[in-house]
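What follows is chain A paired twice: with chain B in the first complex and chain C in the second.
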Partner chain A sequence: MQVFKAALKAFFRHPIYLLVYVVWLSCMGLFMGMSVTDAPSEEYLERPNVAVINRDGGELSKGLASFVADNSVVVDIEDSERALQDAVMQERAHYVVIIPEGFSADFAKAAADGTTMPEVQTVVSTQSASVTMMDNLVNEYLNVSKTYSLALPDAGQDQIVKRTNTAMGHSVEVNVVQVAEAPPVSNAFLLYLQFASYTILLSIAVCSAVVMSRFGSEEISRRTGASPIPRLSANLQIAAASFVIMLVCWAFVSGLGLAVFGSKLVGVDASVIASGLLSLFVYSLFGLAFGFFVGQLTSNELVMNAASNIVGLVTSFLGGVWISLDLVGEPVATIAKFTPTYYYNEALHAAFDVSGGGFTSEVFVNLGVVCLFALTVFAIGLAISRIRAGKMGSWKGLSTKASLQSAA
Partner chain B sequence: MHIVDVKNLVKRYDEKLALDHFNLQIETGEVFGLLGPNGSGKTTAINCILQLLTYDKGEIELFGKPMKPSSYDIKRRIGVVPQDIAVFEELTVRENIDYFCGLYITDSAQRRAMVDEAVAFVGLEDYVKYRPKKLSGGLKRRLNIACGIAHKPELIFFDEPTVAVDPQSRNSILEGIQRLNAEGATVVYTSHYMEEVEQICSRIMIMDRGESLASGTKDDLVRMISTGEKVEIEAPELPDGTLDALGGLDFVRRISHDGTTIHILCDNGPHNLANILAVLQERGVVFGRVYSEPPTLNDVFLEITGKELRD
Partner chain C sequence: MWNTFKYTVLSIVRERGVVFWVILFPIILATLFNVMFKGMDEGAFELPMIPVAIVDASEGNAGDSFHTTMDALSDEKNGEALLAPTYVKNSDEAYRMLKSGETVGTITLDADGWPSLELSPGEGDVGVSMEQVKRTVLADVVDDYCRSRAAAEDIITNDPTALANPKVIDSFTERTEYTSALAITHSKTKEYVRYFYALLGFAALMAAMVGLTAVGAIQPNISPLGARRVVGGTGRSRMLVGAIAASWVISFSALLVAFAYIRFVLGVEFGGREGACVLGLAVAALMATSLGALIGAIPAIPYNAKSGVLTGLTCLLSLFAGLYGTPALRLADQIANDAPWAATINPAKQVTDLFYSLYVYTDMEPFFQTICVLLVITLVFSLAAALFMRRQRYASL
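This part shows the complex of A and B:
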């Protein structure tokens, strides 16, 4: 166990890494978690800037323009092609409704004849939820008007507009009742575990890479190779020490999260919490594999830190830790699927799903993908290690040859 | 029985022949020197002997047994002091020695005593709690040695242990190696410093381009070459024809005068100096101090390879 003990000693002689990557980043995760509230949020849609170009002047078009004005911030824009283009390009108007000349009359005629209803022209400048909602409201207003026109063929257009305004003014009060047996997992804890992917990757990768690179250096490697310790035994001891490092980091991050957010998890099914922590554990294996990979690439600690930080930031971003993937473009979302953090987050969401989380098949499938990523990175690291050993002509390659000879 | 017996060892790095049918026999209790310029194959030979490198051909026996990568019983009896300093920056001096000693000795009580002894042997008592980065180059070298000898090996390989150390540390290291030998260890010492090898080695092998060019005691090697003593005579003024007369002596190989001193390189011979002085007296040359130096290993190397050892 000489190698194992020395590896752990080497690890604990880097307190700055423990302090910065394990303790400080965990605290950052705590603060981020604490910044979110678990109370139901009151959604508020900002009113979009809307321009109405009314070239008609009929009752229906006036009613529509008035309705739009009640539900948006109306901006005045000159009715010219250039002015409209400028307003849209400069985003002075997020949404433009152009009511063509004769629209009201055509509408009434189409309703009476049963022919196709005329349409208003719309231009969207900025795609957002409020603009989408505005567009829906305009369509809904015209549909309701159409319905009244068909249902009340003798009614004047002013009555149609009046009835439509009344109908569009109705709303329904909705109450959400939680019927699940157990309360859902706190959003704060979920966010903490999501952020932990960065903490875990960085801390485990850097700490294990430092240890592995020490023992993998040519000088130490040769000296150990000349000793009576079999190579396999030495490697297994280093691997065991790296695994302990991984456990220490995982246990600290998990324990801190449970200690701080424990009160918010009272009543939550234990299997749900356990599956969340299992997800973090499996992701830790990826951190370990990445540490091995980096340790084979370089023995320069600055490079190790830089590489781990960059990969940690990029994968956590692509995994949806910093920003929801719903808000990023399709290409970014597609690239995200090539990172283990994406599947870790999917596993977390599946584990904490209010409609039945815990150890579900979806959790295991996603964690399986994370394991595959870990295996792949480990295999690449192993290949690099073999190539380096071959270039050095060192005893690493020799031991393989020797074991083949003895096997033969 | 040879403690080290290497026969026809061939090692190639792609197209480059690093060891060309290399043979080496070392007796128990010797301090054996491998002397050669950088790149001559000394370290490659040691790494092959220790099974740290694969080799293309040859037989290696240590302690009378074939040496294989899995010969752990043999490895247990060997100590290695590599050319590069191989210690952990994270561990203290004592922890480093304990770690490497622990690869050979599992009993911690026994190891503790051995580590204490190794610390005292290399004179690092005042630095046991220091980390290597706080040590000077010479002290690091001493730590490197302590890590290789703490388990009291019977056969120790020192691979250029004095590279880049100050003269004081160098002397201390060389004395230490002689003490280890006096305590019963057989030592294999590689260097490209001729003076070191002359100082501590009982037998020497001269290597170049992966080949063993000559081996034996220093006297054996010197006898192998035709170059004899080097004579220097202070003589500021020389009558005309004196250098020609000296150059006419049949044992004189090369002669020159730098304005104050005559430099003469002779073949081996019993009365060279007397004959030279006789010529000078015949011609009435007034001369001062006379130096006569036997051939050195550098002369041996120069004659065998046609180049200086430190080229």
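This part shows the complex of A and C:
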């Protein structure tokens, strides 16, 4: 067990990696998780933040403004160019309705005369489906107002607005169906585990690569090669140490998640949480395999950091843990299927599925694919290590050196 | 000084790890972003087809108007169909479809043909999920039907004389657009450009790796090379100026390469203000150099681990600049709004804001404000670095 102990010692001699990658990056996941608030389950609508700039004092404008307010999240914004730009830039308002001066009067007049109807101006910060639906609502309100304006030509605008409001007050009765017995897993915890794919890949890969590269460096591997411990045994011990490191990282990330989001998981079935953590564990195996691979490739810590980071970023983005794959095009969604993170994410979603979840066959199938990825990367790492070992141990190289020395 | 400059440049360019970090990394990441967001730009705003089950319990002709609406919404000839309705016999079957995920909702018509809606519960996803969008659209579409019908029935019951006017009847089904979109920002806002800006913020911090390496190489307590150089004839300050100038030149060049790649190869827009962008990059490189010098000068951390510290710092600060996908971007916006000081002291966020302010604002004032903030950050980093470097005692008995 000498090698095993030495490997762990090498790891703990680099507390900075433990701190920066395991602790620090997990905190990033925490921030992400804590930034989302769980919508109550009856909350089924996706409404944008809307600002109404009412430059008109008429009845219709007031009615429209209050209708919009009832159907969105209203933010107050000052009526100035800079304030509007700021609101749009910082996404405080996704949709701004500007009701121009004299709109109510123009509307009534145009409806009566049959001329072109006046328009309200809108500012869209980011085009999205919810903004489109908001736009539809504004049009709906004004369409119904127009109907009433035509039907009640002699009525005052207050009367028209009142009846428009009554009609627009109708809405369909909605029930959100609870398809499972237990409450679903908190979004915050899901997001934390999704982000953990980056954390865990990076921390395990870097930490284990540091250890492996220590033993992989030419001088040390010559020295260990000369010792009476069989090469296989030494390698297995290093592997065992790396596995322990992986366990430490996994346990830390899982424990932190449970500690922080535990209160939000009350009532959730234990098997659902366990299968989420199992998914993370299997993904950790991929991290370990990747760390092994990087450790064989280079012993330059700068390159190790960079390689792990870039693979972590690329797989996290492509795997759909940072951006919903619904939003990217079909080709990207196909490429995504070539990353282990995609299957990890799928496994998580299956584990946390609203209609049950837990240890379902879908979870295991996806985790199986993650295992295959881990095996593949590990095999490539092994091949590299064989090639390197072969080069180092060749008699030819040694004899050349020896003959050179004797010649000197 | 000139020799220090020259050899610092040479030695850093020959360091593979540094070149990888500061040049290759942003390019690889930018390429990835480009692949991902091109699709987002094209197809993201199309509303998806919504599968829905309909249980019709209406009597006589009561459900006719609803069916007409449904037919119009699911007619594929008429532009894009919004709904994909399946008529089912009873609510049990509709429930089975809802549970298995075949549909997102069930519409049940009562005896009078008024609809009610059952929706599947929300499922967590990153940012806004398509499922949530589908539920919203479905509820809105059915709401729209209810409102128009309520208005029509109200008029038929209370003001039957109004029906003599054919315009009124027409207006029941007529849909006029009353909104016109107004552009108030300098460029047409496309959200995905923000990821590229955040990437430049990340690249700027990564470029601190250059300053770190250069400064580490002249610190006698950090590297053996530094120890050797200090006993040489060149004064400390001259060496420092040379090393810092060289770091700045390399960081700036690396950022320029990344910028040029993003702007000209990938075609990401910067609001047509490329000149100002270059100025911004020059300041960002200065900030990066001072940050590198600061971390390079901290005596307590071993040299090898410093790159780890810098990486961790960069990752953390980039999170708050919105690099890591939709949730991170939301988090960054939220922080900028709730705690502006936290955004102000985050150099990654400031570099990101440089480009955003050029892209969004019509006037240049916010851009220069951000430049000033970055210069102040640079000054603070430099002063702190100088404190660490001055009058160090390297070995004492």
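As a working rule, the second predicted complex is superposed on the first by the 260 of 408 C-alpha atoms of A that agree within 3 Å, B and C clash if a C-alpha of one lies under 4 Å from a C-alpha of the other, contacts with A are read in each partner's own complex, and residues count from 1 in each chain.
As a convention for this text, a residue touches a chain if its C-beta (ideal position, glycine included) is under 8 Å from a C-beta of that chain, and two chains touch if they have at least 3 such contacts.
Keep in mind it's a predicted model, so treat the numbers as computed, not measured.
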Exercise. Could you say whether A:Gln194 touches chain B, chain C, both of them, or neither, answering first, second, both or neither?
Key: second
Quiz item: Is A:Ile229 touching the first partner chain B, the second partner chain C, both, or neither of them?
Solution: first
Quiz prompt | In the superposition, chain B vs chain C on chain A residues touched | solution = C
Practice problem: Check whether A:His14 is in contact with chain B, with chain C, with both or with neither, and answer first, second, both or neither. | Solution: both
Quiz item: Looking at the overlay, does A:Glu362 come into contact with chain B only (first), chain C only (second), both, or neither?
Solution: neither
Quiz item: Is A:Leu302 contacted by the first partner chain B, the second partner chain C, both or neither?
Solution: second
Practice problem: Based on the superposed arrangement, let me know which partner A:Ile220 touches: chain B (first), chain C (second), both, or neither? | Solution: first
Exercise. Please indicate which partner A:Gln2 is in contact with in the superposed arrangement: first for chain B, second for chain C, both, or neither.
Key: first
Self-check item: Residues of chain A at both interfaces, chain B in one complex, chain C in the other
Solution: 14
Practice problem: Write out the stretch or stretches of chain A touching chain C in their complex. | Solution: 14, 16-17, 19-21, 24-25, 27-28, 31-32, 35-36, 39, 41, 43-47, 81, 84-85, 88-92, 97-98, 114, 117-130, 132-133, 135-140, 142-144, 146-148, 150-152, 163-164, 166-168, 170-179, 184-187, 190-191, 194-195, 198, 206, 300-303, 305-306, 309-310, 313-314, 316-318, 320-324, 326-332, 335, 349, 352-355
Quiz item: Which part of chain C faces chain A closely enough to touch in the complex?
Solution: 15-18, 20-21, 25, 28-29, 32-33, 35-40, 42-45, 47, 95, 98-101, 115-130, 132-133, 135-137, 139-140, 142-152, 154-155, 159, 162, 165, 167-168, 171-172, 174-185, 189, 191, 209, 301-302, 304-305, 307-309, 311-312, 315-316, 319, 324-328, 330-331, 333-334, 336-337, 356-357, 360-362
Quiz item: For the complex, which residues does chain B have touching chain A?
Solution: 13, 47, 50-54, 68-70, 72-73, 75-76, 78, 80, 82, 84-86, 88-91, 95, 99-100, 102-104, 106, 147-148
Quiz item: Can you list the residues on chain A that touch chain B in the complex?
Solution: 2-3, 6, 9-10, 13-14, 214, 217-220, 222-230, 393-395, 397-399, 401-402, 406
